[in-house]
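Letters A, B and C mark the chains in the order given here, with residues in each chain numbered from 1 onward.
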Amino acid sequence: MSLRAALRNKHAVTGLFSQLSSCSSHVRVRGSPVLVTQQRKSSTTPRIKVEFNQSTGVAIMHMQSPPVNSLSLDFLTEFCISVEKLEMDKSCRGLIITSSQPKVFSAGLDIMEMYGKSPERCGEFWRAVQEMWLKLYGSNMAIIAAVNGSSPAGGCLIAMTADYRIMADNPRYSIGLNETQLGIVAPFWFKDTMVNTVGHRCSEMALQIGLLYNPSEALRIGLVDQLVPEDQVLSTATQTMTKWLAIPDHARQLTKTMMRKPTIDKLTSSRETDIRHFVSFITKDSIQKSLAMYLEMLKKRKG
Amino acid sequence: MSLRAALRNKHAVTGLFSQLSSCSSHVRVRGSPVLVTQQRKSSTTPRIKVEFNQSTGVAIMHMQSPPVNSLSLDFLTEFCISVEKLEMDKSCRGLIITSSQPKVFSAGLDIMEMYGKSPERCGEFWRAVQEMWLKLYGSNMAIIAAVNGSSPAGGCLIAMTADYRIMADNPRYSIGLNETQLGIVAPFWFKDTMVNTVGHRCSEMALQIGLLYNPSEALRIGLVDQLVPEDQVLSTATQTMTKWLAIPDHARQLTKTMMRKPTIDKLTSSRETDIRHFVSFITKDSIQKSLAMYLEMLKKRKG
Amino acid sequence: MSLRAALRNKHAVTGLFSQLSSCSSHVRVRGSPVLVTQQRKSSTTPRIKVEFNQSTGVAIMHMQSPPVNSLSLDFLTEFCISVEKLEMDKSCRGLIITSSQPKVFSAGLDIMEMYGKSPERCGEFWRAVQEMWLKLYGSNMAIIAAVNGSSPAGGCLIAMTADYRIMADNPRYSIGLNETQLGIVAPFWFKDTMVNTVGHRCSEMALQIGLLYNPSEALRIGLVDQLVPEDQVLSTATQTMTKWLAIPDHARQLTKTMMRKPTIDKLTSSRETDIRHFVSFITKDSIQKSLAMYLEMLKKRKG
């Protein structure tokens, strides 16, 4: 395990700010195999843009919350609503998740949601994080993550809930659960998802020292499944999806449920405890101090 | 993970027909290190031929049910009787399983046992499949799979119950649990066996899209342990067995039990439920229709 | 899996004798980044030498029980006392474990503690083995194993309890749980530790036939994390430790606990049963005979 190389990436983008607030936009492309690209730059720009191609049964979710698709409460709410709509639409069989922001897939949980907030608000935030994971990890759709940028912490979590991960082969990008570098701890269901993806040993080391892997390392340990040039991430995802959708849905879905249900049940059966645990941890003085120092460091780096 | 390469193999032999019916033949070679080869081509040819070499304590089971060693109820019955005889013979310490059919190890469960059959018959068939797995996965003998041909679905299951897998290095052969490609679902104990062999992530992907791996890919993910030229599969298995039998039986057996008992207990404690579940699934109209289409496709391909 | 290559190492040093008896020596280096080396060759030489560097918060434990750091009851007692002292010292954040003996890290459990001893004594010995594992695997310190020699059986167990393993890249060294080669069986918590490190399949094969891996093979399967030239093992461990200690202790410790607690709880909740099981197994006539033969073989090889 090249610890040295993996640690080189530790100064990646992580948990920045998202301030816009609006609703997600669903673009439905009827009877056309051509994907529509829509760019709205006004203050009402939704954080999530969904393109659904009815002829293929595949939806593409673009995360477009500047600057780095941080997972704020508003973002998570939009995200969950979008996924739920697609889940309930029987004609939607496959989902591709990607980013419209340059260089970043998602920077993970929005630190501003955890810093200086009331316990109630922290609890509401955490419930939304849980909800996103439950919806994605338990989805009946085939999900492919088109990881076209860095993907630390919660961004990595989103990628790991997918059925297949394609990453841009750009050595400046990184992916991993780096929570401990901020002085916080990934909860058990982040951990379970990682163990299911890369195994116990890899997770133990990566989670303890908050490792961020560059694309080649991520491929080697199995954190992503395939690397392609940056401009081919989305097209490769689309091609790969046709292979997943060649399998009868009921057989694929039953198999997916068989693999993931025990992990999902663990959170479902202890959701409130997990929220209480998070709130009590994150509102501790020592943890708030850690977050303050981290925010200070981020400001200096930008200044 | 080279999904593309793995999917290239999807048109492998799978679940064909076996119609012969007879008893297995046990050939006992006393005090001789030379293996006997016996070929009977009459209608009474047993589906399983066993050569037991008393001087080495090693038995070789040849699956010889034309054309592709499909796991019919009759085949499974013979197979289980043969394994049980060897298991009860204290002088038999090691078992090598191989195929006498060209190009195929075993094509897996016989679809004809699942198509248009009564629930009672389906239940009887499934109990035999369970029995085979319980006998092999829980065997006290050291078992080596000499995989000298393609090994889809139930064929892959047999290989995975072994303690060591040697495969012919022929790129036209493939191995994997491809049930979903037929619209059916591998049961939890097939899944458990695969997770124990190649880990959670690999199993999740392979089982969802019914991946068949060529030998090099199978070696890379750990689905087989060693590749050798086709004509050396059996001799390598024999050589490897001497290393396994160099270990005191009681220590090896206790260790094997420690590793496998939890997985075996899961099926033992829910056998009837598993049968009911299988019967109710396989007799569904939609599933029967899937199987009909698959059989139609097979006929056309042969025609 | 190169079974052949792995088996080539089977004649490695294993379970020899340790007869010296004395107390461990803790050397405290206050305010100095320089490590002190202390060599006492008298009959009062402690089996464990601890160097603690207060300025870095890192302790180095040298196992120095000639000839091969066998884990005798006396050795284990000293070892546990040393670890406990460091654990209770808040200023000690990291622990490096290495050997002062040439060519061997630790030869594992001292066979003389299991041969011809009373059940009471065997039980006492086994409790000490459990204690060592519980202390190491559950430690709050970041632990790095600097494996500068062969490390069979209990030696491999010590290495596996660490958070990171650096091994000397010397092809004559080997590492693995080779208990079955002696006719004995690794207990479930040895097995659990190995499964957590290299996965289920690898453990199943390695434990059944008592595989010892050379350094390259150990790296390939993930039994060690890094290979370096023999004279750089300790310096690399020291450098690596700074990366582990860059992570806030509380976050790293909570994460480590989350990963390891289920495995530790299994032994904690069945400690007495495990001792009874060991004592009843090891005092069997057949097992005592196996050990006698093994000791005889060792004597001949030395003679």
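FYI, a contact is a pair of C-beta atoms (placed from the backbone, for glycine too) under 8 Å apart; a residue touches a chain by one contact, two chains touch by 3 or more.
These are the chains along with the protein names UniProt gives them: A, B, C = Enoyl-CoA delta isomerase 1, mitochondrial.
What you see is a predicted model, and the numbers here were worked out from it, not measured in a lab.
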item: Touching both subunit B and subunit C (chains); value: A
item: Same or different contact residues where subunit C meets its copy subunit A, judged by the half mark; value: different
item: Subunit A on subunit B, rotation in degrees - Cα superposition, rounded to nearest 5; value: 120
item: Geometric centre distance via CA averages, subunit C-subunit A, whole Å; value: 39
item: Set of subunit B residues in contact with two or more other chains; value: 199
item: Residues of subunit C defined as touching subunit A within the complex; value: 142, 163-164, 195-199, 222, 225-226, 240, 243-244, 246-248, 250-252, 254-256, 258-260
item: Subunit B-touching residues of subunit C, taken from the complex the two chains share; value: 1, 3, 7, 179-186, 188, 191, 199-205, 207-210, 286, 290
